[in-house]
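Take a look at the structures below.
What follows is subunit A paired twice: with subunit B in the first complex and subunit C in the second.
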Partner chain A sequence: MRSVYAKEMLIYFSSPIFYAVSFIFLCVLGIFFYNDMAYMSMLASRIAQYQLSTGLGLDKIVLRPLFSDMSILLLFIVPIIAMRLYSEEKGNGTIELIFTYPITDLQVLLGKYLAGLSVIAILLGITTVLMLLAGIVVSPDWGLVFSSYLGLFLVSASFLAIGVFASSLTKNQIIAAASSLGIILAFWAVGWFSDVFTASAVAKFLGELGIMEHLDDFMKGMLNVKDAVFYLLFSLFFLFMTLRILESHTWRG
Partner chain B sequence: MRNKSIKYMSGTGIAVAVFTAILVIIYMIVLNHPKVYDLTLSGKNTLDVKTRNILDSLDFDVKVLVFCKNDNTREKAKDILDLFAYASKHVNYEIIDPDVHPGEAKKYAIERYGQAILVGNGKQQRIETVSEQNLDSAILKLKMSGKKTIYFTTGHGERDIEDNNKDGLATLKNALKSDNYRVKKLILMREKSVPLDAGLVAVIGPKKQFLPEEIKELDEYIKQGGNLFIALDPMEDTGLEGFLSEYGVVLGNDMIIDKFSRILGGDYLIPVVSEYGDVDALRGFRYATFFPTACSLSIKKTLPKGIEIRWLARTSSQSWAETDLDRLERQGKAQLDKKDKKGPVDIGLFLKKKLDTKGGGYARLIVFGDSDFLSNTYIMTSGNEDLAMNCMNMLLGERELVVIKKKQANHLAPLTPYQASLMFWVPVVAIPCVILFIGISVFLVRRRA
Partner chain C sequence: MIAVDGITKYYGPKLAIDGISFEVKQGEILGFLGPNGAGKSTTMKIITAFMPPTTGRVTVMGYDTVDDSLEVRKRTGYLPENNPLYTDMKVESFLRFVASAKNVKRKSIKASVDNVIMECGLEEVRGRIISRLSRGYRQRVGLAQALINDPPVLILDEPTIGLDPRQIYEIRQLIKDLSGSRSIILSSHILPEVSQLCDRVAIINRGKIVAIDTPSNLTAQLSDHRIIELLVGERMDDALDLVKGIEGVVSASRLNSHIVIETSRDMDIRPVIARKIVEAGIPLMELHAKEMSLEDIFMELVTEEEV
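Then we have the complex of A and B:
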């Protein structure tokens, strides 16, 4: 597993895709961050001018919008990070080689999955600079920052599991990325139904299935055990499905 | 070959179904055992102790129906109601768009966006906006069978509960009403005794003497296990001094001077209290409270049998009780000398008297050496309102209404020009460029290799 992980990490950092994706992600996020900070500054001077007492703080004006932007950016980026994991091997024909390795499918999968997670963790890690920058002006609630990052990491883990699954289906990386994006968007949209059909059992069920709904509490600074468990189980499900797909190669021939 | 494929496929199908079922079951178990932790350092997702006490003692289901559009109000309501729903199994809520469901809105006579209806215990309560305080008070109203009554004495120049001007108590009255108490005036002279339904009698800032008969009524009330809240101003002769002295409380003929108050932007004559005694109502109370023109209180060395007195609030060590009131009034000067009592000075006392009756029990009395802190002008200052409400709730035995903490949002600050350029150049330019630079270097190195 370790050798698979090391190999995947090496490929990530030597491929232009990682740098291109990171560049776009950080650049767009930087612009959002600057906008939010400028808006806060404008509000702050207004409030001081009219001596209003509002319940507004850095959390509401900068952090929550920024983290929610981040989650949407990740939604588009994680499929791109995940797309090559199996598709590339399938395209190159090296997948047959993997099946002959003296390690199990599960070990290969975990190696690849953990490599993807590490890349996401590194990306999120870089964005903590923004928090430090905000901290120069107003000290953020570090507990809230921590829980938001935890939530973003967990939701990305779910996106990645979907991405790995889609990647195991096809040898075309573009199709892999597009279909994982499609699946993610479907699970996002499912959550909206709970707003339309209020208070029916179906709405409640769909609401629980919505992938973004479970981020809300994290971004408010709360650790709701059910949300964390949801993301773990969700990831587990797609990893399990990936294993089944890989397994099918042996009997489909 | 085909048979084999079908066999494998069905095997996979069953495995997927079983695995999915296991995941769903695990999730259902977690759903039924909700656990939420507040990770914020400010505790902004934590409900007040008061709210939690109310929710802990709920023994019926409360359904909250919020009528609003899909906007900011909805988000705010959801944030608060989620906390309530996490804290108690008995609370659940529904957010309804009155334009999409006009029937529901009509059924509950909804007139404005943002109104909410609480249903429970066979009753209904309407609130105008969803806030923690409004929900608390509505839930209490659903819960309480009979209201407790607080009587405010009148006829001796006391502060008036109906008065909306700066010296009045209208703000205090409204706060008491929102905690679901009935508030009435009491003219002792007209009654033979304190009314039987009195949960608490308050004497706030009298200026004239109480008649001996009136004092006797109060005394009887205490002896029968009543609750008294007395707030007296310095240099007023009210006739209550002797009554209090019998119970071991001595009112100082002085005025508290506090140098520390000046630092906080106040006046020398507005002592600030940030130290509170070890009583139920104030354990963990962290707010500063302000007492404009107050006199000191002290406890007699030997107390009558069955009486226990504790200090509630005391001023800082930079204060003292000035006895040279003439000089203070004429020249506006004060100096700590031998006759004066050096700080910390007690400004509020809590007294418990064991009843002589067979059944036991206690009568309780709270005395403050000031009444200005309750007036419309000062009650909203810092923690004054919470202090007053906590004390009254404690006397009325409503421990669940005691407020311990409130949330504070961290503030906003305008950017300096330097900070503004930092906020632009670092995230928008520097960080992405570093990534780009590394990417290009890796590319060049690989091409050379």
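Then we have the complex of A and C:
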């Protein structure tokens, strides 16, 4: 497992995709951050001008929108991080090497998944610079920041599990990324049912399956065991499915 | 060391291997010879435990490739077809990865990497990125990854394909040096290579082993036909008809300016042919027997199957 992890990390950091994705992610996020901060400073000057007292502050105007923007960005970026994990090896044939080395499918999968998680953690880590910058102006609610990051990491872990699963299905990285994006969007959309059909039990159940629904509480600064468990089980399910797909190479054909 | 027992493999409804059995002893090099799509690579993929056979079983040093796949994989070095490599990695870091994936102890990883780098002549390129290497060097990297944990069994799928003559020579030399106490299976469609390198040759066609023996025995046993080439000055059609009528002639056909006559091995009918041609008044220019090379046998076996 450790050997596969080390190899994946090495390849991530020597491939241009990682740098391109990080660049775009951080740039877009920087623009959002700037906008929100500018908006807040505009509001702040108004508030000062008219001497209004509102409940508005850094957390509500800057941080919450920023975190929710981050979750949307991650939804697009994680499939790109995940797409190469198996598809690349299937495409260039190295899958034959790794499957004839004395390591189990599970060890390979965990090595790859943990490498993907590390890349996501690094990306999220870089964004904490924005929190520090905001902290220069007004001190943010660090509890909220922490729980939001935890939520983003957990939801990304679920995205990544879907991405790894899609990657194990095809040797084409584009198809892998597109189909994992499709699956993620489907699980996002499923969550809207509960908003529309509030009475139906089925809709409520589907609503619980919504991948973004479980992020809400984290973003409000609440740590719910229920939501954390949802993301863990969700990831485990797709990792398990991936393992099944990988095993099928031994009986297919 | 390697025992292949009646394996078949279906890809969907398509039969890729049809009841192949053979054994490879310690220190022996077995060559697979056959046209593309004959089932060479499929057989190798089954021996390396990459995929299981549909029926039959393969054991490597007593371990079953399906039930004890990990044990088999520990003892087997594999160079897959087209030599896939992690081309974004540097030679040395790739080999370090392979060493740790193959359970080489942490302390001895450096030593075993240095060892294969030396063995495969990769000193000059150890810090280079694999995608920037020449084909010859890449092939050596492929061999190096197969060798790194010093496995007793080596499976090499077309190790010299796409190399220039000098590189081919070097890789062959390397494989010869590697043999020693190892069992090696290699595939190729270059005949001289197989006859030079291998102790035994298995000719595979359409998923079956058509012949398996030492190169010299194959040449001796399987050429039960003698080829005679005849060149006449004129009236080639008459000569052809005449020859076809002679007893002991299996077939006769025109090949460019010659008439190629196939006869059974047990009798030499050259004097008969010469006399008949001369009697018919056809100017006899040339008449000689042609030894069958491994290549002829190969062609014969492979085309015979297709008829």
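Here is the rule we go by: the second predicted complex is superposed on the first by the 252 of 253 C-alpha atoms of A that agree within 3 Å, B and C clash if a C-alpha of one lies under 4 Å from a C-alpha of the other, contacts with A are read in each partner's own complex, and residues count from 1 in each chain.
Note that in this section a residue touches a chain if its C-beta (ideal position, glycine included) is under 8 Å from a C-beta of that chain, and two chains touch if they have at least 3 such contacts.
Keep in mind the model is a prediction, meaning the values are calculated, not measured.
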Contacts of A:Tyr101 with subunit B and subunit C, given as first, second, both or neither: second
Subunit B versus subunit C as contact partner of A:Arg2, first or second or both or neither: second
Touching partner for A:Lys226 - first (subunit B), second (subunit C), both, neither: first
Winner by number of subunit A residues touched, once subunit B and subunit C are compared: B
Touching partner for A:Ser14 - first (subunit B), second (subunit C), both, neither: both
Touching partner for A:Ser41 - first (subunit B), second (subunit C), both, neither: first
Subunit B versus subunit C as contact partner of A:Leu130, first or second or both or neither: first
On subunit A, the residue positions that both subunit B and subunit C contact, one per complex: 14, 251
Subunit B to subunit A touching residues, read off their complex: 4-5, 8, 12, 15-16, 19-20, 23, 26-27, 30-31, 34-42, 44-45, 70, 79, 82, 86, 94-96, 101, 409-415, 419-420, 422-424, 426-429, 431-432, 435-436, 438-440, 442-443, 446
Touch list for subunit A against partner subunit B, complex: 13-14, 16, 18-20, 22-23, 26-27, 29-31, 33-34, 37-38, 40-45, 47-48, 54-61, 126, 129-130, 133, 136-144, 146-147, 195, 198-199, 208, 217, 220-226, 229-230, 233, 236-237, 240-241, 244, 247-248, 251-252
Subunit C - residues contacting subunit A, complex: 9-12, 45, 48-52, 66, 70-71, 73-74, 76, 78, 80-82, 84-89, 93, 97-98, 100-103, 129, 145
Residue numbers on subunit A that touch subunit C, as the complex places them: 2-4, 6-7, 10-11, 14-15, 92-104, 249-251, 253
